[in-house]
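Letters A, B, C and D name the chains as they come in the text, with residue numbers starting at 1 for each one.
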Amino acid sequence: MGDARQTIAQRAAREIKDGMIVNLGIGIPSIVPDFLDASIIVFFMAENGILGMGPSPTVNADGNLSNAAGYPTSILPGGSYFDSATAFGMIRRGCIDVSILGALQVSEHGDLANWIVPGKRVPGVGGAMELAFGAKNLIALMSHCEKDGRPKIMKECTLPITTYHCVKKIITEMAVFTIDENALMLNEIMPGYSMTDIKNNTDANFQVSAHIKATA
Amino acid sequence: MNLFNKVTDYETARNIFFDGMTLLFGGFGGVGTPPGLIDCLIETGVKDVKLIGNDAGFPWIGIGKFICLERATSLVASHIGSNPTAGDLMNRGKLDVEFSPQGILVERIRAGGVGLDGFLTEIGKGTKLAYNKPLIKIGEKEYLYEAPILGDVSIVYAKKADTFGNLIFDKTARNTNPFIAMASKVTIVEAEEIVPMGSLNPEEIIVPGVYVKYIIPSKGYNWKWIWEMPDKQLRNEPPAK
Amino acid sequence: MGDARQTIAQRAAREIKDGMIVNLGIGIPSIVPDFLDASIIVFFMAENGILGMGPSPTVNADGNLSNAAGYPTSILPGGSYFDSATAFGMIRRGCIDVSILGALQVSEHGDLANWIVPGKRVPGVGGAMELAFGAKNLIALMSHCEKDGRPKIMKECTLPITTYHCVKKIITEMAVFTIDENALMLNEIMPGYSMTDIKNNTDANFQVSAHIKATA
Amino acid sequence: MNLFNKVTDYETARNIFFDGMTLLFGGFGGVGTPPGLIDCLIETGVKDVKLIGNDAGFPWIGIGKFICLERATSLVASHIGSNPTAGDLMNRGKLDVEFSPQGILVERIRAGGVGLDGFLTEIGKGTKLAYNKPLIKIGEKEYLYEAPILGDVSIVYAKKADTFGNLIFDKTARNTNPFIAMASKVTIVEAEEIVPMGSLNPEEIIVPGVYVKYIIPSKGYNWKWIWEMPDKQLRNEPPAK
């Protein structure tokens, strides 16, 4: 999954345009900034209470300057620190142009499951419910399948739902899907994978975009 | 220098903690959780503690150190993913965990801190987290009612406190601390620096001193951060009891 | 009323002890600080968003440094500025030791009327409801009677109520009353007035304290 | 310098105001109300405005100048005592005034600004101000429901704005401004000083720039303060229409 994480993050970075306000969840999303073109100006915010995060520092990491995952970050000119109530105020109020979250499962209707595997993994809901509710655009990042090969893009999620009908785009190491009007659409096939790979590893109904492309 | 008798020591703090107390702790993934007060809490031997805060920390970091000792009976938090022991205790029925959406949780603490009687929101409606929350109909729409949170004791980490208890914070160590500071009967602040009144710019004060009862000097963080612990095995192991 | 205002404010100043957090409403309460003993340390807060107000400046008044009445003030060491939501947070949360408000009428049960004279004077409710609700101790200041001589301390207020059962002490230019368990008690007679003056000008049942004194 | 195209002029502001809009205005007794934007509002000739803010200002100060022109149809405020014309208009049925307790009003604006669906409180229960508010029973107690406030346009006065719209305020001119800034579709800030990004200390920023759409340079207050007008008669007279 090491390489897959990089691939997914790199592709996700291309969703981010000049001047955007962007929130990144924990997990794969937190490494997205490392793949951004240095020429664009983006305000990354994190729900612990920072707007305007820069690259992860390679030296002199400061314990009191971290992203929402608890890892060191930096601040750019124009950035600000605030409390986490203010952070979530921005999120609920619709100030976030794009929110990029890790996911456990996504349904073909855009339902997001990313907070609990009952009896097993218990990450907790974090800020995902608010982010899914408030962001103008919600992108889910995840490995295409479980370690044992079971698909994570499904007709209906089997895990408890975080928020219904919220995911607008899914990026995995195999493919990029969009979800519009509750319909799942395959838009891109990632390098090294084929349409067959995607069909075999996706447990959901999906259409194939007329403009489908292989990701460069 | 100590006009309001707020500046004190860990000995005083030790006597404030009690069995069965509701303890509100500042911090987000351990960042901004007061390290000296966590150790002080551990040393007292208090038990049956009801914890409320953003998350369960890491096994070695923040409130996680205390949770691993199995002396908390419940935890209200937004996530516990960074502390596998907390998940384990939950699954074994030893820790009653109530998950709250992160921003809703800090607003509930704020509501307690500013004397409001709760608020309405659509966030979480229809999910498993809503099972015990009243649904309130206003006009044609239904909302979840979120109750205010008030604690017995709050522990807070500040960059600077003046002797009146005015607080400023350091970067993202601010996080939930300002509202944790407002929401308990007794608020204890661990401050990296304690300064005379008049030393802080009145414009930059985040928490006015009226909310603060005790101020204790900090020696800074005494744990390794997660990025300083490359050994994944070690990271997830709870500290020795 | 010029002199009466001074008299009332001066007496009210004696309610304020070392180390207290104090809120002053508009009108007579706003001049109370001018009568305080300089040796005591008090944190005056105002609901516009300041804690730690000092004396009114006599020169170099700053339009952006005002009390809740809109008049210039100053700030003492240890003081802070904040938004008015934070100010009212303190008030509702019970952080104010004593709140001193102007009043239009007070009933013998401690009901406060101070926000409207329907069809005539319309000051509005301001922060009085929160102050009356949240303060540990609420003191009402007013002239003892209307300009036409009608009493303002009454069995029941005739004006719309701000908050029921909240006033703990009434200070007028004639007298000081306390209200405890809904019973009004005359505690002090102010200089220049007699018991007869007070009886003739008070339209409420009141007891007379065994420790009644003439105010020095 | 103007990377986000937020820094603009009064000409732009003029085109944002419209007849019938809900206008949220910062300030407390005129302190912190943007003087240039008030004049701009007056010059546009807009009418049927629904005003929401702490108070009615004074006849010559703050929103009071606009209210005296009888082009507002309603006002939600905590008091109007400092502007006799407002009371007069109310009593003559020309201005619909809804009184709100001061702290409740700013919390309603905050609720709108941070995307909450209103809150519960006991303050005002049983008084004339509660007549149109739903009573919500939680457990054994009843509370008033206070709805969130959202506006079409907010006008805000700041000490400094950077070109991203990060704001800091000056002393008690902060008052309601931070939440007024968050609670409308379009927020226009009149700033005493406009500085490049990076000029403000990230710790001291009160309103992050995401909430701000336009920033206009101020020429400062252009009215006399109440204590500068010893003539009581003059003070209470509305300005010429």
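One rule holds in what follows: a contact is a pair of C-beta atoms (placed from the backbone, for glycine too) under 8 Å apart; a residue touches a chain by one contact, two chains touch by 3 or more.
Everything quoted here is computed from the prediction, not taken from an experiment.
Q: Quick one: point me to the chain whose Cα centre is farthest from that of subunit B.
A: C
Q: For subunit A versus subunit C, what separation do you get between their C-alpha means, in angstrom?
A: That pair's centroid distance is 56 Å.
Q: Can you work out the whole-Å distance between the CA centroids of subunit A and subunit D?
A: It comes to 37 Å between the two C-alpha centres.
Q: Roughly how far is subunit C from subunit D, centre to centre by C-alpha average, rounded to an integer in Å?
A: 28
Q: So which bits of subunit D are touching at least two other chains?
A: Only 107, 114, 116, 122, 169, 171, 202-203 qualify.
Q: Any chance you could list the residues of subunit A touching two or more other chains?
A: Expected reply: 75, 81-82, 85, 88-89, 91-92.
Q: Name the shape of the chain contact graph, picking from line, ring, star, complete and other.
A: other
Q: Give every touching pair of chains, nothing left out.
A: Every pair of chains meeting the touch criterion: A-B, A-D, B-C, B-D, C-D.
Q: Write out the stretch or stretches of subunit A touching subunit B in their complex.
A: For subunit A paired with subunit B, touching residues are 26, 46-50, 61-73, 75, 81-85, 87-89, 91-92, 115-116, 119, 121-130, 133, 160-164.
Q: Could you pull out which subunit B residues touch subunit C in their complex?
A: Residues 3-4, 113-116, 162-164, 166, 182, 196-198, 200, 202-203, 205, 208-211 of subunit B touch subunit C in their complex.
Q: Inside the complex, what are the residues of subunit C that reach subunit B?
A: Touch residues, subunit C against subunit B: 19, 21, 41, 43, 45, 51-52, 75, 77-82, 85-86, 88-95, 134.
Q: For subunit D, which residues are in contact with subunit C within the complex?
A: Going by the criterion above, the answer is residues 28-32, 54-55, 58, 77-82, 86-87, 90-91, 97, 99-104, 106-107, 110, 122-124, 126-129, 169-179, 206, 221, 225-227.
Q: Would you mind writing out the residues of subunit D in touch with subunit B in their complex?
A: Residues in contact with subunit B: 107, 111, 114, 116-122, 134, 136, 138, 141, 143, 145, 147, 168-169, 171, 202-204.
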